[in-house]
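Chain lettering (A, B, C, D and E) follows the sequence in which the chains are written, and residue indices restart at 1 in each chain.
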Amino acid sequence: MKMLSIDCIDVSYKNKRNEISVLKDFSLELSKGEILTILGPSGCGKSTLIQVLSGMHPFTNGSINMTTNETSLPLSTKQHNIAVMPQNCGLLPWKTVRENCLLPLKLRKIPLDIAREKELKELCSSLKVEDLLERFPKKLSGGQVQRVALVRAFLQEPDLLLMDEPFSSLDAITKADAWELFLKVFEKKSPTTILVTHSIEEAMYLGKEIIVLGTKGKQLARFLNPYFGKNQMEEKDYFLLKSNLHSLLKQTQGKE
Amino acid sequence: MKKLLQQLYLFIQGFLLIHLFWYFCYLFLKTTVIPSPILVYQNFSKVVESQIFLHILYSLKRIAVGVFLSLLVGIPLGILMGYSKKANKILYPLVYFSYPIPKTALLPIAMLLWGMRDGSKIVIIFLIIVFQVIIAVRDSVKNIDSSLYLVTISAGASKIEIVRHVTLPAILPELLTSLRVSIGTAVSVLFFVEGYGTRYGMGYYIVDAWSRIDYIGMYQGIIIISIVGFILFASMDLLAEKLCVWK
Amino acid sequence: AKKENTASNTQKQVIRFGMMSSTDVIPLVIMNENKISDKYNFELDLQVFTSAKDRDAAFQAGELDGVITDYIGICMYQNAGFDVKITGITDGDYILMAGKHTGITDISQIKGKSIAISENTLIEYTLDTILKKNGLEEADVVKEVVPRIPDRLELLRNEQIDLGLMPEPFATLALSEDAVLLSTANECGLYPAVSAFSIGALEEKKEAIQNFYKAYNEAVTYLNQTDISEYEQTVIKAVGYPEEMAGTIEVKPFRTSTLPLEEDVLDAIGWASSKGLCKPDLSYEQVTYDVTK
Amino acid sequence: MKKLLQQLYLFIQGFLLIHLFWYFCYLFLKTTVIPSPILVYQNFSKVVESQIFLHILYSLKRIAVGVFLSLLVGIPLGILMGYSKKANKILYPLVYFSYPIPKTALLPIAMLLWGMRDGSKIVIIFLIIVFQVIIAVRDSVKNIDSSLYLVTISAGASKIEIVRHVTLPAILPELLTSLRVSIGTAVSVLFFVEGYGTRYGMGYYIVDAWSRIDYIGMYQGIIIISIVGFILFASMDLLAEKLCVWK
Amino acid sequence: MKMLSIDCIDVSYKNKRNEISVLKDFSLELSKGEILTILGPSGCGKSTLIQVLSGMHPFTNGSINMTTNETSLPLSTKQHNIAVMPQNCGLLPWKTVRENCLLPLKLRKIPLDIAREKELKELCSSLKVEDLLERFPKKLSGGQVQRVALVRAFLQEPDLLLMDEPFSSLDAITKADAWELFLKVFEKKSPTTILVTHSIEEAMYLGKEIIVLGTKGKQLARFLNPYFGKNQMEEKDYFLLKSNLHSLLKQTQGKE
């Protein structure tokens, strides 16, 4: 079942003088319970896509529709339950870590019951931020900020989960833990997910499907990923796929 | 507690510095316009006799109501102008036209519409401050980093919720600055609005002394108004620290 | 004579004179307008102020040599340690009126009514004097402080207040709109406005000031002997009558300048000292200066 | 060019709106203090005759000098207070004491020291505005995100260089806001400082008309001051856009 | 020859209420021309160390000395030529990319001659930001910002180069290119370098020496890295070292 369908949209940044076109005639379809990881060169428009889907940035032409409960409606943050973890994490400086984590729930009018309180505790201890709950974001290190944003994202129960390079500032160990956590959370809540990353390994571990974007959001490839949730680095096919992705990405370079 | 002591120390230090400056002016300029600070303080008992606390209370009431009303009107209008292009189109020229009108020239109208008592006084204070608030709020709303909205908007926040969770806290520091400036302005405006239709208020106290060419009384009034102003400002600072804990 | 004037132009002394728009200043403006000051070999630099506080500030700052003020003003100057001497009288009236819808037609009816005045000024003094002359007391009216005269006029016009005590041109305006005349200062024998100079100026520019009064008297003679139509525009400008009133303006005869009567001055000093505006032992000699000597 | 046309459009729109409001006030309040706008404009030729441009020029000069001086003094002091704890300790109480003093009450001193011509007028404008600037600058300096300094400091920048490359651009938006507020205040203050010692200036024009109870003239003066104020504000906006290209 | 010697310093963040100690009794010595990569769990104080060395954050006790031209002086940004690339890149929003890149040179009073102009061009084209020179940082994507900051860092000729997770937002291909560029720049200018990273591979490719920090900046290990600049992922010893580092890092977790 198609859940999200992006249909030939154009996205651009308007300046006073000029207009920079970022996504041109971009289409994408996503089924329910999908995890799509997006690979692409820096500056190809991945974050822009996330912004458009979170209702922050307008698009021209085309349409974005989302199907929930058998009804298809234009995507809207009010009618659809969207959770986003932006590239810069987007913590509000004036709210404590705890308040930041709970803000989306509050906005969605989801009561903070005991179960959810427990979930928060668990997520925090998994990501080792349980001692930071009363701190303000300014007092956190780069990795701590990202972990808090992860807690916030995982705490929600969205129809659509958007994550923009969510593990980029984590050290190897924490990152591996966070990957496991992500898979666990996904198993439980199975939100339809778009995950932007620049690590091929990450894309191959976390994506049920992978797409590779080129400049202006041109889709160079899209395929089902057989290695979703699997740690088969030794397999030959794994290496093959990895190097394929690598060379695909290489192709996109230099044409910016 | 330590905070308060520190403030008190600063208070005394500033007090002494200004008086030193004043004393030198007195010594070097030798004019009746600048009486000796010593003389002024020798006669200070007169101030206390003259129900100075009543004067202060009256003035504080007028300032409080005027400033409160300006915030009540200015903040929403400023936010509206910052966000809505449509609202801005209508409000922008209105504000830009009305701001430079010398509000004191509207006194006759204010008196006729709101009487000679606190009504017209508060209206004048309000009219003088509200535009400062509108402009400051609008400008700081425009300066908010757009990435701060992302999570809130994507979580389906209504406009009110965005204002509550993002806009207001984001502009709070500038709002407090604008509040400081407004209170300073309001205190100065007292001098004008308390010149009529009342026998109470620090402004009245000064104007009355001035028109009697009683410079000692005038300076006493100025000292009182300075101290009250200082206390207002210092409380604003404490408030700012309480409110902006995240800094 | 003309040649003489130009020859002595170089050392012509300048008298800087502060005033506020009122009928008192008509002779002064005529002095300049008709070049009488040239004839007496001084230059009159007239400075118009819109508030007495500003005028006093400028006077004290040494920006002015003399001003048009009143008995009460002199008392306050003296009290502030600023030695200003009455050197002559000027003419202006202060008129007590009732609003048109108040139903008051006579001064005996004003008990308990409100009146807009300025505090501790000749207006209040005049009011008190008028009240006393009519057998009333200070406490019989409710005094509202409104410093600017135009505002007082507006309050009277719009019935926010019952009574007004105003100089020209405001009085004429109010009367033309059916305000009821109750009494005037001059009717009560009160002529409180005076011209005055600081002691410093009197010492420094004695001759010029003597000439100033000669010129003043000449201007008064001119005014009293000439038909108003010849100088009406000057009056309108100087006093601030609305343009529409051209042709209907009346000017009372002016008096030539002398020193005021001692009893008048002492009465004012008595009133001022009762208000705490000056010491009661201020004497006539202290506050006056005879320039003709 | 398009920008200018747009501004002109807004200008006209605001103009009409305010006049509509005014006309309704005139109709409903029926009081002498609010003349009909039609009457005011019928007599507008008189304004032009009365050398209005000279009045405007005089006022602009006073505003320009006063605002310029306030910036010249206020920006460095504000920056100093924002950065240096020591300077803040001394300046903070001085500023907090002096700010609430009604500057208009210092007129006698200002006249004594700077005469009753432009000197004292500019000093009064300066004194009223400079504290607003100091407070606004100090507060915005304190709000600068500390991570912005890292690269500049590590590259061995001197204090001046830090101010030039980081502080000034960082506070520029707030500075422009504060400038807007200051200009608005300066325009209103004209009304007060042009009440003495001059026969030129928009403030004089209004006060003069007011004291002659010439409400038509007064409203004409207010219209002129509004238009001049609007133009000042609109140019500030254009300036802000030019200066803050990075937004 | 010791160039930088950090001697038993304490670093903490002061709040109104409490004081969070981050580095306790921290010492480190660095020779001239060294590249030291620092690995450590998120929040262990890596960025704080960088901040202290860039003169942004004060330390208590101990001393930091730097030896240039045979004279040892307390480290100072004025007397020593330090270049830093902070974790958030630290571009000034009001300067164009070009101005941002040239700012440190300007502050060091180094004239912008033709050679340097050429170097800027080359670096920009290596990192593919040559078209962005006149843009303001707000108009850049996350990876573009990081590449610009790299250009700025590489353009300088510092005695001490500090880099805080400089490649975290780059995609695999760009990252590999940037690594090469770093090695090339290092070869040419050989600044003494401290590079903070959370990728073990990165540390092993770019570090002549590697240290692993634990909580409160405790040094868990320091060793010479035989794989500096080498791409020998196939070697058995490489894997051994890598998994050693991995387990060292694992030890540090959870004790935060």
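FYI, a residue touches a chain if its C-beta (ideal position, glycine included) is under 8 Å from a C-beta of that chain, and two chains touch if they have at least 3 such contacts.
This one's a predicted model, so the numbers in the text were calculated from it and none came from an experiment.
A.B. asks: Counting hops between chains that touch, how far apart are subunit B and subunit E?
C.D. replies: The fewest steps needed to get from subunit B to subunit E is 2.
A.B. asks: Using the contact definition stated above, find the chains touching both subunit B and subunit C.
C.D. replies: Common contact partners of subunit B and subunit C, which must touch each of the two, are D.
A.B. asks: Moving only to chains each one touches, count the minimum steps from subunit A until you reach subunit C.
C.D. replies: 2
A.B. asks: For the sequence-identical pair subunit A and subunit E, what is the superposition rotation angle on Cα atoms, to the nearest 5 degrees?
C.D. replies: An angle of 180 degrees brings one copy onto the other.
A.B. asks: Between subunit D and subunit E, what is the gap in Å from one C-alpha centre to the other?
C.D. replies: A distance of 48 Å separates the two centres.
A.B. asks: Nearest whole angstrom, what separates the Cα centre of subunit B from the Cα centre of subunit D?
C.D. replies: Centres of subunit B and subunit D (C-alpha means) sit 17 Å apart.
A.B. asks: Where the CA atoms of subunit C average out and where those of subunit E average out, how many Å apart are those spots?
C.D. replies: Whole-Å distance between the two chain centres: 82.
A.B. asks: Counting only residues that touch at least two other chains, what does the list for subunit A look like?
C.D. replies: Residues 88 of subunit A each touch two or more of the other chains.
A.B. asks: Can you list the subunit D residues in contact with two or more other chains?
C.D. replies: Residues 31, 33, 108, 112, 207, 210, 247.
A.B. asks: Quick check on subunit C: which residues sit in contact with 2+ other chains?
C.D. replies: Answer for subunit C, listing residues that touch two or more other chains: 53, 56-57, 60-61, 148, 150, 154, 158.
A.B. asks: Which chains touch which?
C.D. replies: Those chain pairs satisfying the definition are A-B, A-E, B-C, B-D, C-D, D-E.
A.B. asks: Quick one: which bits of subunit D touch subunit B in the complex? Just the residue numbers, please.
C.D. replies: Those in contact with subunit B are residues 10-11, 13-15, 17-18, 29, 31, 33-34, 89-90, 92-94, 96-105, 108-109, 112-113, 128, 131-132, 135-136, 139-140, 143, 173-174, 176-178, 180-181, 184-185, 187-188, 190-192, 203, 206-207, 210, 218, 222, 225-230, 232-234, 247.
A.B. asks: Considering the complex alone, what residue numbers of subunit D touch subunit E?
C.D. replies: Listed in rising order, the residues of subunit D that touch subunit E are 146-158, 161, 165-166, 169-170, 172, 244-247.
A.B. asks: Can you list the residues on subunit B that touch subunit C in the complex?
C.D. replies: So the residues of subunit B in touch with subunit C come to 31-33, 107-108, 111-112, 115-116, 195-199, 207-208, 210-215.
A.B. asks: So in the complex, the part of subunit A that touches subunit E is made up of which residues?
C.D. replies: Contacts found on subunit A: 13, 15, 20, 39-43, 46-48, 87-88, 128, 131, 139-144, 147, 165, 168-175, 177, 198-200, 246, 249-250, 253-254, 256.
A.B. asks: Any idea which subunit C residues touch subunit B in the complex?
C.D. replies: 52-53, 56-57, 60-61, 76-77, 79-82, 118-121, 144-148, 150-151, 154-155, 158, 160, 277
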